[in-house]
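Labels A, B, C and D are assigned to the chains in the order they are written; within every chain, residues are numbered from 1.
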């Protein structure tokens, strides 16, 4: 079975091919829609089953042997560069793979209901399948280049799916923005890859055997760059720091960290299941996966920066989430914030905790997004929370599952989110002495987590409590094809904490061959404190919007808290103007310079010189023409001049 | 030994002769004959990679007949790993270009086909000529059909563009002729031979064995003469201004060939002449040329963003992409040069495809302004999908061909002591910008609402058009996933070229 | 100072004076007469150089035939002094001409002074007297220089035919062509515009 | 005995005068005369060198020069007469239609 792991990405790819080449041509709309859905779900479901089997088999191997590589063919070989197209399965790839295919399958199923009636549904499912393929290549690639293929591939699918409703200008804009911002990070990863090849001579993660020749893996050989520095005179850096910083830039792009997080809120223009799958559960966590995968080359300097990036992202996004009206944007900023938690965890060196949070977050955030999708579906494409209210009675399943997701996100015992988040916060508290920045990071994270609870309380209150504030629609519960995945995910949300409970720490053990980490210590004090804080602020959020200001919320009105906070609230709503800053500086500057190049510099500057040379010759020949004035005496003079010159030359030669 | 090269070289020219015999009015006959001849050439040329011995770094399929023995000029053809794929690319693109003219060229059809076939002969000749004079003849001969194609079948400002194209590239070539002659005379003096020799293999061999050592100053001079000719052809920044003019005015088929093959003549020449003949000067000039290449990458990408004419946008994207190729060449190591050669093929495929894509819509709407379009994906779903793949190939998405070339080039440049990470750090910005301008184009034209009534009824691609796209798509995907197939035959020859630099250029650590 | 040198200096002065006079004279007839003077002087110099035959043909052909031809044409066309009647359109060229002429003069002197004097036969009076014999010249012409002599004959023939054709042109080709008349009219108009009356053929 | 160089200098002076005449005079007849002057200067040099060398070739060459000069004058003057018929002038500057 382990040798068949190439089936895992291949199956969704086959689904993609079928849906692209065949399904789109089916004339009958209903058959087409059904076929597309079944093919896609079947492909991903099959991949999930294969993945599960492979995972189980991997678990049966002795701990140190839990790394299986399958090289399919030599992908890129020229000169000393040799990159196989190889897949690998190790504990880390295994859990990621399960998350991707598992949550992916559920979201595919959900999509059948959500996308019902859409005219291009075959395309939609094709993209989703392609996304799963790419995401699997990302987590299963046995070298950095193949990871990068998946990395860019998911970026492409993200582009396609954000721009799925490309008729909307905002959607196509968001799609391009997502791709471009991601590309900025990707460029850094490219540089990192090249540097890794330069210093290690390989891009493989681990030793790989291709056609009987053993190629080393860079993760096993980090000692080669120990102490190697580069830099300008007077200022040198460890090469490990440089490489890992470049990787970090890539991570900030894909995982929507500071300063490149601006694309993710806009990405909500895509269909909601896409937001759940790509922009919450899987793709955006790729950055965390990358850090965990390559953690061996991260130096303390970089890790400090990583921690700060994560922590600041967490708090900034959390504040932004508080002030949103759009149900999906709340979740989007919340995702950014939770990714910040994961990145911060990775920065503090607790990769298991980061992965743990990644997994639980993948489950409950998918649940929340799907829930919000259900809400949107049930309220006829309403996304503004001011137009909702009181949906609790109309959509009970959605409400209950959403509540579980929200509580989990807020970090309420004993849901998954509590355990994973607590592991991070507790670590920060316990290791505050490790470095000067840990303690401030701890407070930032605690504050963010309190805010998380607050905005989830606010959202629950706005969406499900109170009265319906807009009566243009008749809310209804979603079909069972949508609610069943919700229920399953809710169940998983309850259970996922068990992955790494303080007592059992199964995940830590499982990832031990990769991370070599000790089990996290549980701190009952921090746990109680965090839970109480979360519960308190969550209740506050709920109470403010469901009870205190329940009547002050109006369609298109201001937030009640705006009255006290004013401009700060605006800043929060605009996510502290990062996006606006880029849009008012970099973007117009780029445009203007491009316009200058196109309109002035190129045609008049460079081409002006070229044409100028041409004109110069034209002028010169015009001038030369007038020498031919027709006067025979002038010709004679010229002739005579030549004679004198030649004689002069002959005299000098005498 | 079966004369494959002569056959491939002269078959199109013979086809052109045959076309002269067809009646002028029978357009369909002329088209069919030309297409058949070019397809036949392509099929025969497929024998080249199949019969190519990848392990042999020297010239293969060599044919040599004395031509002007008094001056040591001969009809000397040969193929190595460097030229193999470029020849196949040429024979591959010509039928596609001819097919693309099926419905777009209506005036003087026969002459167009004749010029196209002559152009094919000339381009193949450049890639396989091993005699410098023969090379020069073919090199100059490529200008004539192309200039006519732009000048007769072009649009709007075509005379200006044709003249500029001709004069600009010709001005460079003349310098090269000086270089060619000077080189042979120096070679004669240095080796003490009685006759001059214009045989590239002989001169190159003597340089490699040390029998013919150039003085450094002279080497620099000759390097410069060749370099300017090639740099204009590539075109490198700041010699690029003829390109947008030529592309915008040229008919679609002309643009495909111009971008697909003609620009490659320049980069091919850089490797074949500058790198192989003047290794010391190449090393000396590499940092400066690298800077020009990087400027070209960024500048081309940046200026492409401001274009409103789709064809002009693609033309400027060529400037950017060709910058990558030059960067790879002057990495002076195997990874960089093989990447550059592969990228030449890639650029031919994906930019050729992009020009076809622009051509398709131009045929339907007779405009290329992006603001005239919007929502084409809805109206023409197949077109939209194929266009997207081609755009992504040009953007350099991993899994498609463009990425492989770009990565190998940048990796080569990164580990090259001649260039180093600084060059790469800037050129990766080009990778970002490529996404910016190409996706902007895609967004403006294919996404959005169908807001122009004249766009609402546009017909999706015909079977033939889809066929052309698929023909281009197959190698694009194959190169993306199995680039080793293409890298393997060029390894031996290119490592021969890179050998000269190996004493100084360490590959990695 | 020997008599010969005295004679040389005097004749040389006359020759130079004739040359200068010819250039400077406003009247064409005067120019022709100055040139005649020059020819005579050169003929005398030939005599001094022991070439009596050349002295003779210089006088008969140059001073006789050619000068008569000049004077005849001057008379035929009417004596005009163009420099007085029209402005020099190439006045700027004058100083350049003079400068170049001076340079050439300096060059000539330099060459003459720098040149290594070759072995001279000038003192060998016997040889010179022998060479002065016209019969020797004739013999040489018809032996060594027979081909050039014949070609000269052809040249003269061509000259005669040319002259005849040119004078017969009106009969051969009819009146002036359109272009030629245009030129003539244009030139006349230019002259009228510049304030000078169009010339009339005499 | 007079040094050959004296004759050469005189010849050069006369030749130069001839050139000056060609360059500065506009009357076609005088220009012709100047050409004749130059030919005479050359003749003088020929004869002077013939004496110096002690051979007959120089004299023979002068004979040829005189003959060709006669032919040249004949044709030249014929041309002049023809031009004069057309242009009503003997100004060489009048014949300037060949300007570029």
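By our rule, a contact is a pair of C-beta atoms (placed from the backbone, for glycine too) under 8 Å apart; a residue touches a chain by one contact, two chains touch by 3 or more.
Here the structure is a predicted model, which means the values were calculated and not measured.
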Interface with more contacting C-beta pairs, comparing A-D to A-B: A-B
Per Cα centroids, the chain farthest from chain B: C
Nearest whole angstrom, what separates the Cα centre of chain A from the Cα centre of chain D? 96
Distance from the CA centroid of chain A to that of chain B, rounded to the nearest Å? 37
Whole-Å gap between the CA centroids of chain A and chain C: 99
Roughly how far is chain B from chain C, going centre to centre by Cα mean, in whole Å? 68
For chain D, which residues are shared contacts with two or more other chains? 19, 23, 26, 93, 97
Which residue numbers or ranges of chain B touch two or more of the other chains? none
Give me the residues of chain A that touch two or more other chains. 631, 633, 637, 640
If you connect every pair of chains that touch, what shape comes out? Choose line, ring, star, complete or other. other
List of chain C residues in touch with chain D within their complex: 2, 4-5, 8, 12, 15-16, 19-20, 22-23, 28, 31-32, 35, 38-39, 42, 45-46, 48-51, 53-54, 57-58, 61-62, 65-66, 69-70, 73-74, 76-77, 80-83, 86, 88-90, 93-94, 97-98, 100-101, 104-105, 108-109, 112-113, 115, 117-118, 120-124, 127-128, 131, 136-137, 140-141, 144-145, 148-149, 152, 155-156, 158-160, 162-163, 166-167, 169, 176, 180, 183-184, 187-188, 198-201
Partner chain A, residues of chain D touching it in the complex: 19, 22-23, 26, 92-93, 95-100
Which residues, counting only chain A, touch chain B once they are in their complex? 20, 24, 73-81, 85, 145, 148-149, 151-153, 156, 159, 163, 166-167, 169, 171-173, 175-176, 179-180, 183-184, 186-188, 190-191, 193-195, 197-199, 201, 590-591, 593-595, 597-599, 602-603, 606-607, 609-610, 614
Chain C contact footprint on chain D (complex, rising order): 1-2, 4-10, 12-21, 23-27, 29-30, 32-34, 36-37, 40, 43-44, 47-48, 50-57, 59-60, 62-64, 66-75, 77-82, 84-91, 93-94, 97
Complex contact set, residues of chain A against chain D: 625-633, 636-637, 640
